Each structure stands twice: as structure tokens, then as C-alpha cells.
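In the two complexes that follow, chain A is the common piece, with chain B as its partner first and chain C second.
Moving on, here comes the complex of A and B:
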């Protein structure tokens, strides 16, 4: 019910079209890559999903992370622009709930993008590696891989929302987010400790990764989510105390 | 019976006392005029009553409920317009009220009623960013009135309205206790404005409550204190001036 309220709040902000276009752009990336470099990839003996992820995921993850940074900024900018947040705080709801609902909305929008990207990967795998894998195992593989990437995207989403909730000005969280994303792109994906940086986690992929590394990142992602949520709760309490 | 009572309510900001131990007694079903010059602490007090800012001292009870224990319960009963109207500019007036309606769990009719009360029905589907200042102020009032809350906190509700609008809103505020049984606290820095709406007034200066009581008692006291009592505006100014002098000329 309240998620519906959050959906209503972003009406006419262009956030839905942004995510749709973002998803299409990210989905086009493997399609174009395969169109022009299919022969090179076909020579590889790796499973199709691994080939596609290795070739395209870094670029797609960057676009996805940029989308969630923009989303977080706009979700809170709408609250701060005309003091709507003050009205919300004078209603019988908790600010922490507002944060969680925004996070849920962001996750749904992100999921929507991942579905488009997953469809693009499935199409590419069928079109260019058709003989190598049956449809259902391929679909399961795509689902698992994108599920893993989606989970590792959550800490970056939460951290972006935390920054946006702390700043009334749109440009501050946007700037912080973009700087963090640029930093994340400089971190080598095979360095597990540096990759724990929330904005670097979305660059990780399941295909071709050892089971213990996967468990390590999933655990780290879950811990980061809890820590960021607790930090937001603490921040809201402190802000209220000093208001 | 008092709907709102504060006891030594205070708010300090790094040494500066914005509100200094005020004890208000707001009767149920009355329009209470909260009067004071700019920076007197009116908005700060109202924000404390809404739980938007945390008091540094004292306590308050609203309709028998104590803050901070019953904060959410208190907010269910209070409609507010603080400082400036708050809204989502990308949404229409109706959509803004719909959000509040859903949060408060009210019927759909409550939105129509609130729009009619402030005469915004004609502009209900226009994005708020295209509203004039007066229309935004009316929307802010509608947001406070939606669902007929038993308590209304209105901070300078006639700001930005033209003379006709001021008269309409003033008449509306005055009628609220009778129509909906509401208790209204309305703040202003103009006594002339307050005397046309309020039954009881509280005068605030530099965070101190200088007077609380009916307008009749204010006039009586003014005579005793030697202030001009025939013109309320002059009396108010004289009271503020005298208080400022007492504080060493601080304005």
C-alpha cells in the first residue's frame, strides 16, 4: 500500500522512463557487442553466460549503478524540493519507513532493468550460441547470475539512498555517488577486499567465480546492507535530536 | 478542558534560547492566537508540538497524550501548516492530498471536501508547481484540513493570500471549532489579524510567554500596565517594546 504511495510520488519525474531507457541501453550493449564481435566470442569454449558476462558485465554494471545513484537522488530530491519531507514527518509515519519504502521502490525499478538485461543475455545466448545450451538450463543460469548481481547491487543502492536522505541538495549526493562510482571502476574485480566497497560490489559476477568467493561476497553484501540500514536509523535519530 | 498543555517547554540552539520555558494552556474547541514578532519562537514551538524538533526542556500533552511516548498517536490527530506549504511540485493538488489521505487511511471524500473548503476544486488537477503563491497556501491549508483533524496547527496561514483570500481563510478558520469541533492554534505577527479569529491569545517575545488569556483580559491588563488599550496593535507593539527594553534593548 505504501509502496504505491512512493510510486505515486515519482509521477511525472521521468524516473520510470529513465529506468526503461537505461535498461534498453544496457540490454543493447551485449547485442551490439555480439553483432560485431560474434566470431571472436564463438571461438571460446566457455559456457555462453560466462562469455557474455565476461565481455559485457563491467559496462552494464556501471550503467546500472549510475541508474541507482540517479534514482536515489531523485527519490529524495522530490521530498526536499518543496519541503514535502516536513509534511511527511508531521504525519503518523516514521522516516525510517519512508527510507525502506524508497529502497523497495528502487529495488523494483532495478529488477525491471535486470529483467531487460536478462532477456538481452538470453537472446544473445540463443542467437549466437544456440547449439551449446538448452533453453531451460540457460534460463536458470541467467536467473541465477542476475539474482546474484541484483543482490550485490543492494548495498550501493542503500548507500546512495543514505547519502540522498542526508542532503537536501540534489547535486551533493549525485556528486558523491558519481565519485564513488568512478573510484569503484578503478578497483580490480579480482581483488576481493577492495571489491567490498559497496559501489564496487555490483561489478562482481557469478559466472566463472569460485563457490567460496561467491559465499564471501554474498555474506559481505548482506552485512553491508544491515550496516547501512543501521547507519540510516542512527542518522535519523541524530538528525532529529539536533534539529 | 485543555486540548494542549505545555510545561516549561524550551528549545536551545548552541546557547541561544529560541523558546524559554513556556507553559501554554490551549482550550478544547477554541481558536488560539499565537502572537509574536518574527523570531519570537512561534514556529519553533509549533514544530516541537509536531515532534519535528526535539525540545531541550519541558514537556507537553496533547489530548491527554504525552510526547515523545505517543508521538505517532498525537500526529494522527493533528493537521498542520508550518512556515510554508509543503508539497510535491510534480503532482497535482488532488494527488498531493491523495498521498496524505492514504497515509491517514481516510475516505476518498475527504480529499474532495478539503479541496472544496479551500476553494481549490477548480485547480485540483493542475501540477502544484504551476500554482500561484496563494493557491499553494490554500493547498497547504487543505493538507492540514484533510480528514477534519481535531487539532490544527496553522503557522501564518494567510501568508501570500490576497485580501479576498485572507478574508475567506480567516472566516474558514473561525468557523472550524463550530463546524468540526476542532481546536485551532493559529500564529501570526499581526494582532489585528489574530483578534479577528481567536478567542484566546498567547503573546510570545524572544521565546518568553508575555501573556496568555482572552482578548478581554488582555485589554484589562493593558490598562493596568499602562499600555494603550483602545488600539490592540499599539498595545501589542508597546508590550513588545517594553519587553525588549527590559532585556537590554534586544530587538
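Moving on, here comes the complex of A and C:
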């Protein structure tokens, strides 16, 4: 029920169209890349999904992370503008619940983007590497890969929401997010410990990664989500106590 | 109202915004990985570039690709949001202030923030070069003339990009679209500089210019061609037209 209210709140902010356009832009990366450089990739004997991911995922992950940073900023900015958050606080609603609902909404929006990107990958794999893989194994492969990426996106989303909920304006969380993203782009993808930085996790990919690394990152992602959630709960308590 | 005092007022508006803190944090955090990975500078024999030049140019490359355009976008958000909060824009329009002048004053403020960030960048370069000189026992500091030349090139080549960002933020009144468009347009500049028609994409100018500088410093790399005859007229045209349109459109959303 409350999730519906959250959806209504963002109706006129343009978040839905932004995610739609963002998803299409990100989906265009592999399409354009394959259109212009297909010959180069065809020579490789790797599975199609791995080729596509290693060629384009860095760029797409960056766009995705930018999208969730912007999304987090606007989800909370809507509350802070004209002091709506104080009105929300006077209702019988917990602030932590508000946070969780915003997070769920953001995850749905993210899922939407990933579906568009997954469709683009499936199309590319069928169009340019058609003979190598059947349709259903390909589809399950795309599904698994994007599921993994989606899960590793969550800590970054939570952290962006945490910074957005802590700052009352639009530019501070945006600036912090952009700086963190910049830092994440400088972290080498094959360094497992540095890649645990929440904003660096979305750059990881499943294809071509060893099973133990995958388990390591999934566990780390889950732990980070819990830690950030606890930090938000603690932050809300402390802010309430000193308000 | 006199143009200089307008700029002074604009400066006062962002006094308590902590934007300087953000710009400085961006630059400081940005140099830390370079300091930690300083050893990699000695492995660039294939490119034929000396370690100290490599350290400097890699810093400027990353800066011109993402963090500089992105922090300028954040500054633009700040400038628009301070005006939109509490209907500041309507109050400005009620005063005897020329809207085009106000728009230009804000753009000048943006350029000032850009200069400030580049100065911070230069300062931080010297700090990190000094640290790396100590840790690696190799003189990493380069003469100030060269560093200021790179920073100056980066600034001049980014003016058309900033004008386009400004145009986007003035014309698109829904903030999320203008921010999204600005930030998203930064990402593909890596692809744009590798195409033949890079000069039609203003967002890649700073990155292209710094890449060209890299080519000049590294003996074994082919130098990207900066002498495309139409580039400078196109760049000036883009900047002037964007500024003209944004001056005309400034405050239109509030006037309705």
C-alpha cells in the first residue's frame, strides 16, 4: 500500500522516463559496439555472453550506477523539498520504513533497466553469435548474469539512499555519489578486496568469473547490504534523538 | 545592476553550500589511487613516456574524462537549486535585473568554480608528486609552467562543454532530465574520442585535448590530430550559440 504512495510521489519527477531512457541508452552500447566491431568479436572463441559482458559491461555498469545515484537523490529530495519529510514524520509511519519502501521502489526501477539491457544482450547474442547457442540456454545465461549484477547493485543503491537521506539538498548526495563512482572506476576489477567498495561492486560480472569469487562477492554484497541498513537505522535513531 | 556586482551576489548565494568542500574532496580522493599505484609509472617503456610525465598526464586524463565534467554538473545543480528553493527565481525576476545578464553571471560563476577546481587539482598534484618522490626515491615534480599549461588547456577546451551543460540545465526545467542528460553524456566521451567526428561532441573536447597531450609526451604513441581545421570554429560556435540560447531561455519556465 505504502509502496503505491511512493510510486505516486515520483509520478511527476520524471524518474520513470529517466530510467526508461537510461535503460535504452545502456542497451544501445552493446548494439552499436557489435554493429561496428562485430568482426573483431567473432574471432573470439569465448561464449557469446562473456564476449558481450567483457566488451561493454564497464560502460553500462557506469551508466547504471549513475542512474541509481540520481534516483536516490531525487527520491529523498522529493521529501526534503518543502519540508514534506516533517509531515511524513508526523504520520504514524516509521522513517526506517520510508527508507525501505524507497529502496524497494528503486530496486524495481533498477530491475526495469536490467530487463531492457538483458533484452539487448539476448538480441546481440542471437543476431551476431546465433549459431553458437540455443535460445533457452542463452536466456537462462543472460538471466543468471543479470541477476548477479542486480544483486551486486543493491549495496550501491542502499549507500546512495543513505547519503541522500542524510543530506537535505540535492547536490551534496549527488556530489558524494559522483566522487565515489569516480573512485570506483579507478579500482581494478580483478582486485577482490578493493572491489568490495559498494560502488565498485556493480562493475563485477558473472561470465568468466570463478565460482569461489562469485560466492565471495555474493556474501560480501549481502553483508554490505545488512551493514548499510543497520547504519541507516542507527543514523535515523541518532538524528531523531538530537533533532 | 552592474555585471560585476551581479557576479559578487552569485558568489554570495553559494557561500554556505559547501560546494568547495565537494570540489576539494573530489580532487583529493581522486589522487589517492595514483599515489598508491605510483610504482606502475615505471612500467611505461612501451609507450616511451618518462615516469614523472606519466604520473602527471594520467592524473589529468582521469580528471578530464569523468570527475571534472561530473563535478561541474554538480555545481550547476547547486546553482539552479539555490535559485529554485523558496522561489528565489521569482524574487530575482521581480527585481530590476536583466535576466540575460543574470544568466551570464551564473555562467561566469560556473567558470570560476571550474578554475578553482583546476587550481585545487594543480595543488593536489604537487602534494601527491612530493609524496611519491619520497616513497619512490625518484623526482616526480615537474616544472609549474607545464602543469599550468595542461590545466589551462583543460579549462579552455572545457568551456564549450560547460556551455552545453548550462544550456541543458536552463532549457530542461525538470531537474532530473537535465542532470541525467548531463551526466550520461559524459560517459560515452571515451567512445567519442576514438571516432573520426569527435569534434561534433563537445563533451569529449577536454578528454581529447589531454589525450593529444599524452600522445605528445609519449614517444611511441601516435598523436591524435588536433589540427582539424574546423574544430576551433565549431567549438567557439557551440559555446556562443549555447550561451545565447540559454540567455534567451533563462527564467522562461518561471515566467509561464
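The rule is simple: the second predicted complex is superposed on the first by the 243 of 243 C-alpha atoms of A that agree within 3 Å, B and C clash if a C-alpha of one lies under 4 Å from a C-alpha of the other, contacts with A are read in each partner's own complex, and residues count from 1 in each chain.
By definition in this document, contacts are C-beta pairs under 8 Å (C-beta built on N, C-alpha and C of every residue); 3 or more make two chains touch, one makes a residue touch a chain.
Everything numeric here is computed off the predicted structure, so don't read it as measured data.
Visitor: Using the superposition on chain A, decide if chain B and chain C clash or fit.
Guide: Once both complexes are aligned on chain A, chain B and chain C fit side by side.
Visitor: Let me test your reading of the model: by the given contact rule, A:13 touches which partner, first (chain B), second (chain C), both or neither?
Guide: both
Visitor: Does chain B (first) or chain C (second) touch A:83, or do both, or does neither?
Guide: first
Visitor: Once the two structures are placed together by chain A, how many degrees is the angle at chain A between chain B and chain C, based on Cα centres and rounded to a multiple of 10?
Guide: Result: 90 degrees, to the nearest ten.
Visitor: Based on the superposed arrangement, let me know which partner A:46 touches: chain B (first), chain C (second), both, or neither?
Guide: neither
Visitor: After superposition on the shared chain, which partner residues are touched by A:243: those of chain B (first), chain C (second), both, or neither?
Guide: In the superposed model, A:243 contacts chain B only, not chain C.
Visitor: Which partner does A:96 reach: the first (chain B), the second (chain C), both, or neither?
Guide: neither
Visitor: Under the stated touch criterion, which partner chain does A:172 make contact with: chain B (first), chain C (second), both, or neither?
Guide: Only chain C; A:172 stays clear of chain B.
Visitor: Would you sort A:185 into first (chain B), second (chain C), both or neither based on which partner it touches?
Guide: Touch status of A:185: second partner only.
Visitor: Superposed on chain A, how close does chain B come to chain C by Cα atoms? Whole Å, please.
Guide: Minimum over all C-alpha pairs: 9 Å.
Visitor: Which positions of chain A sit in both the chain B and the chain C interface?
Guide: 13, 81.
Visitor: Please name which positions on chain B make contact with chain A in the complex.
Guide: 50-54, 72-73, 75-76, 78, 80, 82-91, 95, 98-100, 102-104, 127-128, 143
Visitor: Given the complex with chain C, which residues does chain A contribute to the contact?
Guide: Residues in contact with chain C: 13-15, 17-18, 21-22, 25, 59, 62-63, 66-67, 70, 74, 81, 169-172, 174-176, 178-179, 181-183, 185-187.
Visitor: Flag every residue of chain A that touches chain B in the complex, lowest number first.
Guide: Its residues touching chain B are 1-2, 4-5, 8-13, 78, 81-94, 240-241, 243.
Visitor: Would you tell me which residues of chain C are touching chain A in their complex?
Guide: Chain C residues touching chain A: 17-19, 22, 25-26, 29-30, 33, 62, 66-67, 70-71, 73-75, 77-78, 81, 85, 174-177, 179-180, 183-184, 187-188, 190-191.
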